[in-house]
Structures are given as structure tokens and as C-alpha cells.
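Scroll down for the structure; my scribbles are underneath it.
Every chain is named by a letter (A, B, C and D) in the order it is written, and numbering of its residues begins at 1.
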Amino acid sequence: MILETQGLTKTFGKLAAVNNISFGVDEGEIFGIAGPNGAGKSTLFNMVAGFYPPTSGKVFFRQEDITHLSADKTCRKGIARTFQIPSTFHTLDVYDNIRIGATFGRMAGDHRKIDDWIDEIIDFLGLDDKKHHSSVNLDLYSTKVVLLAAALATDCRLLMLDEPMAGFTMAEIESYLSLVRKIRKEMNITVIIIEHLLDILIDVSDRMMIINNGELLYLGDPEKVTEDRRVVEVYLGGKDYKGGHNV
Amino acid sequence: MFEIKDLCSAYGDIQVLYNIDLHIDEGEVVALFGPNGHGKSTLLKAISAVHPARSGSILFKGQEIAKTPAHKIVELGIAYIPEERFLFPDMTVMENLNMGAYNLNARKSMAENLEFVFDVFPRLKERRGQLCSTLSGGEARMVAIARGLMCNASMLMVDEPSIGLSPSMKFAVFEAIEKVNREKNLTILIVEQEIEHALRMANRMYQIRKGRILFERKADEIDVKEIEKAYF
Amino acid sequence: MESILNALVSGFVSGSLYAIMALGLTIIYGISRVFNFGHGIVAVLGGYLAWTFFTRASLPFVVSLLFMLPVMYLLGWLVYRYAIRGLMKKPNADFSTVLFMLGLGIMLENIILQIFGPRVKAVPELVTGSIMLGAIKIKNHELALMVIVLLGIIVLTQFFKRTRMGQAMRAVAQSIPGAGVVGINIERIFGYTFGLAFMVTGFSGALLASKYFMIPHIGWDWMVKGFVIVAFGGMGSIPGAVVGALVLGMAESFTTLALGAVWVWPVWFIMFLVLLLLRPQGLVGGRN
Amino acid sequence: MKKLNLTRNTVILAVVLLLIVLYPLLGAKPYHLHLFILFFIWAMVASSWNLLNGISGINSLGNIGFMAIGGYGSAILAKTFGLSTLITIPLGGIIAMVLVTLFLGLPTLRLKGVYIALLTLIFADTLPTLLTQTRAVTGGAVGLHEIPPFFAGAGKIHNYYICLAAFLVMLYVIHRLIKSNTGLAFVALRDSENLATSLGVSRFRERLKVFAISALLSGLAGGFYVHSLGDISPTTLAIEPFLMGIAMMELGGIGTLFGPVLGAAIIVFGSEFLRLADVLRMTILGGLICVTILFFPGGLMQAFRKLGNLMDRRGKRKRGESVQAKVQSAD
């Protein structure tokens, strides 16, 4: 297992945004996470990536306890992530955006290799023609690919994508997904994706997790997710669902 | 009474709504279904001008309101109860309700509206002196709805009123909304994930997918299987 | 023992003056999140306006105070409407509003200097004489100031609690989207807020001038003190400003007693630093 | 296109530099030399200040204080202990660096936005009190006078070249810094702190670094200030120099390499013209800051760049190339 959480919990005031979630991700798989708005998906990402410490519980990355590492340190351990709101370093061009990942990520210190490495990433994601474009005026799809490139440039082993395909057209979703598959296959990077569109997630994931109200609802085979009674109830509502909280 | 034509909305570069057409008759309850992130909330935000639309027209009682600022929309009589609630945390329940009646029309009928609100949510009457930051999720949801009812609106837009509530709380909230429609004859546009609940009171429904209206059905034509299919 | 009691009293007097001075700052910040770096000059302007009405128009001082208020209100509203409103919509609004108010402050200060000259202006005491409380002598003027400040704070809190506009201001302070949803015109409220805050600040300036002395430049001193107080008590919180002012007023008078007046500022800096590290949200905890 | 632009700018720069280098030899009046010395020093202060506010987006209001620490440090070491300025100036800079990193760099790690502005302002505001309290060493409110020159017998013309050299070296160092990985990290944290840390940039390390470097450079500028002018007093920390520093950055163009230099030139030489306005000088300075922020938020550098782009576009059009290609290469 490349990533494992044990009883991960985060409370803001009285509200438990993430409540006692334990799950593991295997090396080399694509792992999907879904759930309604406010279910705690992004909070989960933020805890794993060291953006804020969990209230309780532990995070292990390659058998090492990284629960209390800060975000830049988890990055240098090999965890990269993207954010829901896609914003680049707006005063820098595409190349420099990627250079930051390469310079401060796991490659840090190895100056000779960095230039080649950046070119490799640019080539891998097909960003050659945009290399020296300003990163502000890019269209949504290119912005997200640039951010993906910056994350990959850190030489990560685990890539966490937070709703990467929101706002995409069908064609863009297809080509982004093929990038994700390529990353897994050719770079052998484990990928976790948060995504609203269940059908897409089912299609791309090896395993899936559904969370609701901060709690784990379903973990397992993507194909069977729509057959799970509780998942259907959360997504479509139902008379006899008893899983609510918060009152 | 209410009609939207060719409405488009976007956040920065991300277009969320494409050419939405929709209409609501007086006193009608219309439900809006669709997966998360497909533009339901954005549509309500566009109508209430909290996040104004890029283009298109919105007619309310014959008046074009697509370019009207948010505070005027409330004055005209459209109340918006956002999913995020946006209560005033350091004010009491009573003060929050008072703020609901901020516009001058609502000031006049405040006592009457307050009575109605307390009748619908007796629990709020007990808690009226309590700070909103100390309320439970369900109570906060009630305050949000009650605050929306205080502004003397003729049309109510409710975004996911049942999210994060226990089954009994959900039931109470839906009952309240039904009561509002029945007794005050308010026109209601409701976004809801709980299809079964929402369908019990809706006269009509729209299904949204990827920022477009997929189909429209009257209460007696609705096929739950069809809706479920549109989600997955 | 007597000197300690004296220090206590003077700490209380200056504390309450600092409190009303910090209020204008905390009102603007609390509601609009703009940090007014022209605060001190606004206070000085209030003092000079009151002085002008008093000496040039020969009005009683209390009446001149009342005449000054609407002028300050208008100034605040104009500053918001024609400068801050636009800046708040741009990126980096935090710092550009700071710089704008700084520039405006220096401009106003020098205009005041041109008109009134650099000499110290004497603002009269409200009441003369003094009373003895046991062994300590307290000036009647200082007592009057404390009463006025206390009344001022009560009026303001009631304004925020009871009036429609005051409630709307609090609503905007607590949740801008929430205020939008209930139909509050947020920009208009910001305009009123600037007007109100300038009014309170000008008022406090006139009071400060009557206790200490007034030259155009003194505003910067008042302002920086106001900053520490507001950040110390909790940005944007009215009780925070009052508590912060009293604590720092006490610290001031006791530091003066023990080490001498020049050490007040370093002591404040250290207190401020320690508090920021332990409780960045301030003593009472405003918005962070 | 980019190359052409660069050469044109390089030519302009080279000519300006040559004129500045030759100026004293062409029989300049001592007073004009004095103005230029002030310009070199202020350009150093504004450029090092810009590292914090412009390049790193940390809103410091305390750099005049950093400069004063460096200046006092060097002056006291030279005057009291008779050390060579070759040692005292660097030491002054280092003193400023250590104090600032300790008292501002570390505490601001937990602070954001306006709190940082507040703390740095209050830090600088505390210094005059401390100075008047330590009269024996710092000369109190009167300040220090007859501070030794750079070397025995150094005159205006020597000061001119020494400060020019220091300014050029500092500008080059800042230029290299901005281009280096460290500069990249500063900019990354400024543009998006979350994205930067997610890519491995350490907020802790970089923030301490930028405070240290900015304070060191401002402190060094303070050293050059005291040894070329001969005196320093708490009035250096008054509101006027403080506002001048801010006006320089804003006017010239915050966040650019040459912006603060340009701003320093405008303010230093412009102040001379403003002497005519006499008492209205400060009013105009304040007004200038307001107008710049309201109407030219990018400062003069941005205005120049826009003008340059416009001219380029015209030139291209004459040569019959497509505007489209131009726009792309300008990106």
C-alpha cells in the first residue's frame, strides 16, 4: 500500500468535516473518490497533503507516518496534488510554472538534471507549443494540464487530483482521462481522483470510495457502486435512509 | 409569472450554464434535479443576482430583472435561500429573522410574517435568543429558510434544504416548505437531491445535466427511473 | 501607593480616550476590511474643525463638536465613494487601500499645516476645576471626558444593536453573501460605514486634543497607537478596541511610572508581539 | 522580437550608464553630485524594499527602519571604535539582517496581510524611542554627526563613485536573485501560496530568507548613507522618508527590477523641482501616491511597457508582419 489513513478525523468547531475515515490506496492504481457537496473530500485531500493537521488519526505514505508533515515536506516525500480552483502562478510563463515543481519538489538540488526533466514533462504532456506562453491567458483545459505538469514535475509517486475535470467538455474529459491513464502506465504513478461525474469515475477507477457527511459510505469495486443501496440513496434520496447526522 | 430565456452563466473561463429556458407559473412548486456541479445552484445564483448571468433574459411579473442588482431582486419579491445558508453567526436567531425583513415592504408585515414563521418552526421560537453560531445544522437550516420567508417574497428559491439533515429533520423541513406553498400560495423553485421528497410536492420538474436542461416533466408524467438514469 | 493610584486613574483616562479613538478604526475594518492608514489625520482634522468652529465662529465648544460631525461624515462617504469603492474591487485591495489612505493622510496633514500653521492649538477643557477622591486629585475635565466616552460607546453599541442601519452594518461585517441574500445594498452600507467611522474618529480627535495637545503631525502618533490597540484587542471588534485601549492605557501609565515615558512604546511593541504570537486573533478575538 | 527589444533597451541603458559615469568628469556642480548620491542610496533602499513588497508580496512598512539600523550600526562602529568602513558597512548590514529576521521575520510567519504591515510599521516606529534612550552611543535626538567618510579625505566625487558602484552591484545582485531559484520561490509564494507549498516550496525558509536579504541590503544602503552624508538622526525615521520610499516603489512600478530605481530618480530629482512648491511639497507627494494607486496601479514601468508594445506593434505592421504573430511572441 502506498497510502494509508487510520481513523482520519477533522472537526471545524462542532462540525466533523471528516469523521473517522480509514482507507488504503495500492501502488499503481487509480483510486476514485466521490460524494455530495460538502462530504469532506477536499478536507481529506488537505489532511493527506499536509495543508492542515487532522484532529485525530494518522496518515501513512509508503509505511512512513506523515501525519504531521507540512505541505512542502509531503511534496518532497512524493505526494503531489492539484486544487479544485485552477490557478497558476499568474505572473510566470508556462515553463516557469513547471520549473517551480521541478526545482522544489523531489528533484530539488540536482541542478543539472532539472532542465532535461522539465523538457521531458513538457514533452510528455504535449505542452511544447505553449512553453513560453504567459500562464494567465490559457484556456481552462490548458491551465489544468499546466497544473498537472507542475505537479508531475515534483517527481511524485502519488498524484491527487481534486475535481480536475470540472467545467470540461466531453472531448476534453476524454483527453484528460487519457493523460491520467498515461501517467499511471508510463510513469507508474498512483493516482487519486475526486470527481463529481460518477460515470467517468467508474470508468477510470480501479477502486472507488464514496463518502457522505464526512463518513465512508462505500469502498470497493466501481462497477458495483450504482448497485449499492446506500449510495443510490445518498445520490437520489430515499425514504428509509438512516445515515444522517448533524442535528 | 416567471420566465427565463437563453440564460448563460460562467465563473471566469468556466461556463456553467448554457442557454437555459425555464418558466414557472404562479403558486407552482417546481423542482430542479441534476447531479452535483452541473449548474443547479448557479442557476439560482444567477436569478438572485448573487452571481449574475453572462447573458439571457429573466422576466419576473413581466419585468426584466437580468441586470437588476441583488438587493433590488429581494425587494421585488424573490427570496433566495442558499445551500450555504450564509447566516449571521454572531447575531441571535431573532436578529437574523429581523435582517430577513430588511427591505421596507417586509418591515410593514414583519409581525405577521414572524408569527407565521414561528408557527411553521416552533423550535425557532424557543431558540430566538440564541446566537446562530451555536445552533445545530438542522436548526441553522430552519433559520435560513425562516429568514427567507421574512422578506415578504412572492417567489421562494430553495437550494438543497435537506442536505446534511437527519431523516426526521428533513421531514420537518419539507413539511414546512409545503405549508408555505399551501398557506401563503408562494411560488417555489426548489433544488433537491432527495428526489422522492421533492416529487411529493412538486407540480413540475426540470432535469439539468452539464449546464443544460435535459427534459421537463409535469407531476403526472414523471418517471423516477428516467431521472435516476440522468444522474449516472 | 498614592502614585500607583494616580497611575491607575491616568491609565483609565487615557485608556478611555484611546478606546474612542480606536473605535473609528475598528468600525471600518470590521465592516469593510479596509485598514485605514489615514486614521490619525482624520482624527486631527476633526480636532481642527471643532477648533475652527470654536474660535472662528465663536460657537461654544460642545456646539462646535456637533457641527464638525456632519462634515466628517460627508468626508468619509466621499472617500469611500470616489476612491475606496474602486480599489476594493481590484486585486491586492488590502494593500492598495492602505497606500491610498496613507497618501491621502499625508496630503490632508499638509493641507492642515498650510491652513493652520505648525503651532500648537489649544482646545478648551469642557469643565474646569478638579475634585479630590481620597488622596488623588482628578480634573473635572477628565471625568467629563470619561463620561462622554462611556456615553459614546453606549450610543454606538445601541446603534449597532437597535437601528436598521446599524444592524445592516453588523450583517455585512458577519457575512457579505448573507447580507446580499437578505437584500442589503452592500456598497451603500460601506459608504455609511466610512461616514460613521470618520465621524467617530473626528469626534475622538477633538476629545484627544482637549486632553493632550494638537499639531497637524500628532495624527501619526495617535494612529499608530490606534493600530496597536485595535490589533491587540481584536481587529474589527468593538469590545476588543475598548479592552485593548484600557489594557494599553494602563500599561502606558505604569510604564511611565516605573521606567519613564519614553519606554511606553517599546513596552507596547513587546506586549503586541507577544500577544500576536500567542493569540493572533487579539485579546477579545475579532475577525482574523 | 524579444531579442530586438532587449538590444534596444540595452542600448538605452548603456548610454544612460555611460552618462552617469562620465557626469562628474564633465564638471558637475557639487550640489548635483550630492543629488546623484542621494539617488543612488534611495535607489538601493527602494530596490531592497521592493524585494519584500513587490517580489514577495509581503507588505512591509519598515524598511526605512532596516536602513536606519544599518546606518547607525556602521556609523557607531566607525566613529566609536575607529574601524574601517570596509568592515563597518557590511557589519551594519548584518546587524540589520539579524535584528529584522529575529523580530519581524519569525513573528510574521504566523501573520497575514495587514498584520504584517502593522508589525513592521510599529517596529520602525519603536526605533526613535530606543535611539533617544541610548544617547551615550547613538547621540539621542540630535543624532550622530561627523561620521567618518568612506576613507580619510574622501570627497564628493569619491562618494559619487563609491555609491554608484554600490548601487550597480546591488542592482545586479537583486537581478540575479530574482532570476535564481530563490527568486522563483518568492514569486511563487506571492502568486499562490497554496500552489507553491504543494509543489515543495517551504514558506518558512523562504520568508525568513526574504526578510534577511531585504534587511541586509537596506542596512547596507544605510551604511552608504551615513558615510557619504556624514550624519544620521531619528528624523531619518520620520514620516517623510518613509512616504518617499513607498512613493518610489509605487510610482516606478512595484515588483519590477527597474521600477524602484525609476521611482527613486523621479522622487529625488523631482523633489528638487518641488522645492519651488516649497511647503506644498509633501501635499504633492501624498497626492502623487493617491493618483498613482487610483489610476496607474502598475506604476510608470507598466505605462512604459504598454507604450513599448504599442511602438513594436506599429513597427511590425510597417514591415508587413501579422499582428497575430507579434502578440504571440510578446507573450
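The rule we apply is simple: a residue touches a chain if its C-beta (ideal position, glycine included) is under 8 Å from a C-beta of that chain, and two chains touch if they have at least 3 such contacts.
A quick note: this is a predicted structure, and the numbers were derived from the prediction, not measured.
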Item checked: Two chains sharing the most C-beta contacts -> C-D
Next item on the list: Just give me the whole-number Å value for how far the CA centre of chain A lies from that of chain B.
Entry: 32
Check: Could you state the distance in Å from the CA-based centre of chain B to that of chain C?
Finding: 42
Notebook entry, point to check: Approximately how many whole Å separate the CA-defined centres of chain B and chain D?
Noted result: 55
Checklist line | Set of all touching chain pairs, with the criterion as stated earlier | finding: A-B, A-D, B-C, C-D
Margin query: Please output the residues of chain D touching chain C within their complex, sorted ascending.
Written below: 53, 59, 103, 107, 110-111, 113-115, 117-119, 121-123, 125-126, 129-130, 132-133, 239, 243, 246-247, 250, 279-280, 282-283, 285-290, 293-294, 297
Margin query: If we count contacts the way the header does, which residues on chain A are in touch with chain D in the complex?
Written below: 49, 51, 70-73, 75-76, 80-81, 83, 87-93, 96, 99-101, 103-106, 108, 132-134, 137, 147, 150-151, 153-154
Check: Which bits of chain B are touching chain A when the two form their complex?
Finding: 13-16, 35-38, 83, 133, 136-139, 160, 162-170, 192-198, 227-228, 231-232
Next item on the list: Over in the complex, which chain C residues touch chain B? Could you list them?
Entry: 164, 167-168, 170-171, 174-175, 177-186
Next item on the list: Spell out the part of chain B that touches chain C in their complex, as residue ranges.
Entry: 48, 50, 69-75, 80-82, 84-91, 95, 98-100, 102-103, 107, 147-148, 151
